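One chain, subunit A, links the two complexes that follow: it is found with subunit B in the first and with subunit C in the second.
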Partner chain A sequence: MFDLATIMQILWTSVATSSYYVLFALSFALALKVNKVFNFTQAAVMSVAFYTAYGCVQLLDWPAFIALPLALVAALVLSWFIEVFGFSILRERKVEMLFVFIFTFMVSQLTVYLISLAFGTWSHTIFQSMFWPVTLVGPIAISGWDIPALVVAFGSAAILFAFLRFSRWGQFMVAVSDNPDLAELYGIEKRKVYLLTILIAGALAAIGMFLYGMRAQVQPRTSLDLMLFATVATIIGGIGNLFGALIAAVGLAVIQNASILFISSEWQAFLVYAILFATIIFLPGGLRMPKFGTRFETKTREISLAEETPSAPPSTRAE
Partner chain B sequence: MVTFSRLNRRQILSAGAAFGATMAMGGGQAGAQAGTFRFGLAMPLTGPQALYGADQIQAAQWGVADINAAGGVNGKKLDMIVLDTQADPNVGIQAMNRLINVDKVPVYITAWSAVVKAAAPLANDSKTLQIVVGANAPSISKLGDYVYTSYPLADVDLIALLKYMYGEGKKTAGVLYVNNETGISAAEIYRDAFTAMGGKIVAYEAFDPKATDFTGPILKARASGADMIHIQGQVSDTPQIIAQMRQLGIKQTISSYSAIFHPKFIQSLGAAAEGVVVTSLAPSPEVSADVAKYVQRWVKEKGREPNGLPYTQYLYDAPYLVAKIFEKLDKDGTAITGTSMRQAMLDIKTFHLPLTGQVDILPDHTVKKPVDLMQVKGGKWERITTIGT
Partner chain C sequence: MEYLYIVMISLGIYVILASSFNFVIGEAGLISIAHPAFFATGAYVSAIAALRYGVPIPLAMLLAVVVTFLVSVIISLPALRVSGDYLMIASIGFQLGLIELLKNLAITGGAGGLSGIPSFLVPQIGNGGYAAVVWACAIAVVLVLRYITRSDYGRAMSAMRDDELAFASLGRNPMWVKLWVIGLASAIAGFAGALYAHFFRFMEPDQFDVLQSAALLTMVVVGGMRTSLGPVVGAVLLQILPQAITFLNLPPSVLGPLQGILFTGLVLGFMFFRPRGIVRMDPVWKGALQDAPASGGTHVRGA
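Up next, the complex of A and B:
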């Protein structure tokens, strides 16, 4: 039934749609790696980012170049609020992980409920039309959304990896993720690192939501559904492995779409759960994927932390 | 006169007082206090479905208020008792018990299939008329003597759509349906009806309710070479599926059902919406001045359009339907009971309602309602035909 053109089309569309999944997975995996939280408040940040963009573009009729940065700021403000008035307080009180987990769920549910009250449950897109013009490259239809989305997603991922590898604060994040108490002994301010991590995770989630909202319709609960994919990709990629989460997100998107070549469409969604189940049972540490920059991370700790003195806080040196 | 009540002590006492007063009047006029006709409305006012339920209650309350403002029913006020079901069968049964045994209403309105099915035995045992407004599971027509619907069940619009398409020469069809109870049962109705007409289903593909990309099922449908492709999806995903279908080069006629019939569908798809055929079970603001005024009322009083506009239109009309039955019984001097309400409703049969138009309530517990087929032409909805007049 399927010719080569159809197979190529499925593969191309799968890779294109993996763009926002990559960003959601990176956001979730980053918060888990550095802050050690299953951060389901990410759904709240995603919803706020989308509805701010939607409100500015469609309700206030503002241009996208104003609306999208403003929505990004809204997402960052919410991320800051959640870290300062939520996570940091829970951390100080040394509450159990389960309680933090429940807190993140509560925040996302509350936000979704408030957004439902404010905007209703109708589906929206950021721009009025979700239809993108198509260019035929040989037999493959490439929509006007595909390539910009891939550039934005993988560009953001590249910036994140470069930040972790080359910037001082990125190195601090790696150090805190490795051993927060030791990092603190060397003068790294954990609180600032945790805040920075949540802000970066919030920005990634917001950008992913912009990509999603330009192509698909969004309801208040959509972000909660999208979180499942991010969680699965993080677990399959290996907890603490950002590059693994990225590869897993792309792989899952391709497998889920391409599976129609072999199985009935109604089993496509089941496949993700089956893979997750198998991973948890047989590979609890996730698939063994290379850790991007592992060698460098070790080197970073050796150099940066050795040079650090408790009396010279990183923030001062950064300035 | 509109009363909202939950199960609290004061209102149970007042309901008890009302009950006592009713009995003191002779008890023959169940549901009628001095100068009023009472009925119940049991919908989700709290819980996850409250966003829809609350708007539907609001619509029904406006219906009652407008009837009373226009002089009521033969000079008597309509009194609607509102109870919360949370769309939960257990809570729904408590609400119906209260309406039947405490408030002694002869008729009540409810929705949400699970609640409707759970409450049906209560209605049948107590001979209280249960009118379903909004739920559309075909099994509703088989729930017993006292359960009727004013809302067309799922097969009505799909069969109308298929009659038209088959007449237009479409002999093969592909079906893409959302893999949940609603999508599966509607897709089965479509498949069976089309096959019975002599058509052939050449692609029958499900997609996940949470899917964001539909390339696989779409390409399977494209490969089947069907004359037309029907989408039985959700309000949120159907425009996206159609956008992807057009992007993937599908030029066949695309059809869907009434949930897609709204102006935002065209806005969200632009040129990709051209040619799409859908059914309509309630007039839109574009084709009905009364509906346009109704939507303006929402915007003016609530600052927004209602959640699930067509459903709220049916709920606005529901008190008018009940009022018509009360009016007939009152004129005839017949005692108002669930049994007499049921019989009067079947005798009247055809109701002309302000926001949803004509509906025939049939003895087989279904409704006959003309189905408008709408097509996107030149960037707006145009009625191409009406089936079932």
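Up next, the complex of A and C:
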């Protein structure tokens, strides 16, 4: 049961599975970092992306190269709508966090019901078959989905990190996430940054959902469960730490896949929720994950420490 | 007429649930959405005690209240280390974890649910009598919670909700207040669960999932948070509206989603166009302000 081949296979499957988890986690973590919202509307965006792709490919018989970009556009339009007619209004009204949560949760639920009404509650996949040809590399079986999925996921992550680090708008996003009022004083338009963040998060979630929908069956409520996984990864990775969320997503995928060696598959969902509960209670600040671009931050911190009096470390929102 | 009684019983149970949920989320400002988990705990404890161990039903119901109280306090002790959005997500984790637990344990009947739960009072007094009992309990719960909210303790809760740091600096222990609020509200939810289990006599874990939280949130938000009457109005409205749709004789595949769209659409509509709900917030401080001397402010007495 614990022979090397089995362990290697589980590790490979875990890493391949983590491809969409990474994208969901990055999407959730980005909205939380910049816009400071637990964006559960991400589930709605994910559902719309999947069902648009499914509708185009399976019902309209359109080729994937048209269906997937169209589904991406649908996800972006919904993200734009949610930001402009939802978040921005709530932000202006300075509503309590509870109301923001209710809003995000209700949008997700409303989408689930609308999709159930339109497509039914049974399972669908983007393509007719979700089985991919398998190649044996030594003792490891690698499916035709694995490597493209990993390339897409980690390629998207690399583009995101490069965008945040080197592009002007990416730096605006980092500035707004750090101190929105100060960023505004420097001439950064917060509203545009918030909108851009939600759009990028929506795109990442949609791409993740395409990967998921090519390999597994999706029901209207599937995206809600997937998003909870993203929430766990974001919290374990440490809020505000995108690279941490990425690492945590891979780690969680490994734990979830490896757990079949020790516990039956029925308890896998319980494991995720137990980890979620325990992480928030005992590690509200997340694990000490490495931050992308730490060297730069350390350098600037050293300079500021030399020039200013030391201040109290920033507290988490947890007590 | 029997159908009407069943609707009335369901309504009464939701009034109890919505009012106790408002006590946690509205009055105390504790953003936990795991209330249906405690509803489930009460329902399952009472049902299992009566069905599997032959415990007399009133005793089983009492056991349900005590166990739910204890479970909520034990869970809250670590959970209340965090607050705000962290508490909310922890509560989601707890609720979904509990549902998975219920689905996988043999004693709870697994995902298929628990059936053949012994009936309480209905053989003696009928559905109408049971509806009267449930409504008497609902009214008692609303009045007790209203009394607490308007008492010194309620004002302490408001103070804690509005500024926990200031509350603690007055020498009060917010943790005790939170534990007490969650324990009491959960025990009430557990009691509602017992009332539910011994009337409907069947339940399955998925009945207590996050959708149930959404329904309760809807009742509180649409009715009017931080009011005594709001959750009652919300529960009545949101239980009657879906019932009205059932008369359209739509197939279940359409009816379920349509009811959900109605629920969620109403909440979103109220959030943007009438965020304070149907019943606007009570002037909780009115009495204290009237009693206060002209030169002085109000103060919070003991918690």
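Here is the rule we use: the second predicted complex is superposed on the first by the 274 of 319 C-alpha atoms of A that agree within 3 Å, B and C clash if a C-alpha of one lies under 4 Å from a C-alpha of the other, contacts with A are read in each partner's own complex, and residues count from 1 in each chain.
The rule is simple: a residue touches a chain if its C-beta (ideal position, glycine included) is under 8 Å from a C-beta of that chain, and two chains touch if they have at least 3 such contacts.
None of these values were measured; they are calculated from a predicted model.
After overlaying the two complexes on the shared chain, residue contacts for A:A216 are found with subunit B alone; subunit C is out of touch. Shared-chain residue A:F105: touches subunit C; no touch with subunit B.
Within the superposed three-chain model, A:L114 lies in touch with subunit C and out of touch with subunit B [touch as defined at top]. Within the superposed three-chain model, A:A269 lies in touch with subunit B and with subunit C [touch as defined at top]. When the two complexes are overlaid on their common chain A, residue A:I89 makes contact with subunit C while staying clear of subunit B.
By the touch criterion defined above, A:M97 reaches subunit C but does not reach subunit B.
With both structures placed on the common chain, the touch criterion links A:S143 to subunit B but leaves subunit C unconnected. Once the two complexes are laid over each other on the shared chain, residue contacts for A:I10 go to subunit B alone; subunit C is not touched. Of the two partner chains placed by superposition, A:F166 touches none, neither subunit B nor subunit C. Counting contacts by the rule stated earlier, residues 116-117, 120-121, 228, 266, 269 of subunit A appear in both its interface with subunit B and its interface with subunit C. Residues 1-2, 6, 9-10, 13-14, 17, 116-117, 120-123, 125, 128-132, 134, 141, 143, 212, 215-217, 219, 222, 225-226, 228, 253, 257-261, 264-266, 268-269 of subunit A are the ones that touch subunit B when the two sit in their complex. Of all residues in subunit B, those touching subunit A in their complex are 51-52, 179, 205-208, 210-213, 215-217, 219-220, 223, 235-237, 239-240, 243, 246-249, 264, 267-272, 304-305, 307.
Contact residues on subunit A toward subunit C in their complex (touch as defined above): 38, 89, 93, 95, 97-99, 101-103, 105-107, 109-110, 112-114, 116-117, 120-121, 224, 228, 231-232, 235, 266-267, 269-270, 273-274, 276-277, 280-282, 284, 317-319.
Considering their complex, residues 25, 31, 78-79, 81-86, 88-90, 92-94, 96-97, 100-101, 103-104, 210-211, 214, 217-218, 221, 253-254, 256-258, 260-261, 263-265, 267-268, 271-272, 275 of subunit C touch subunit A.
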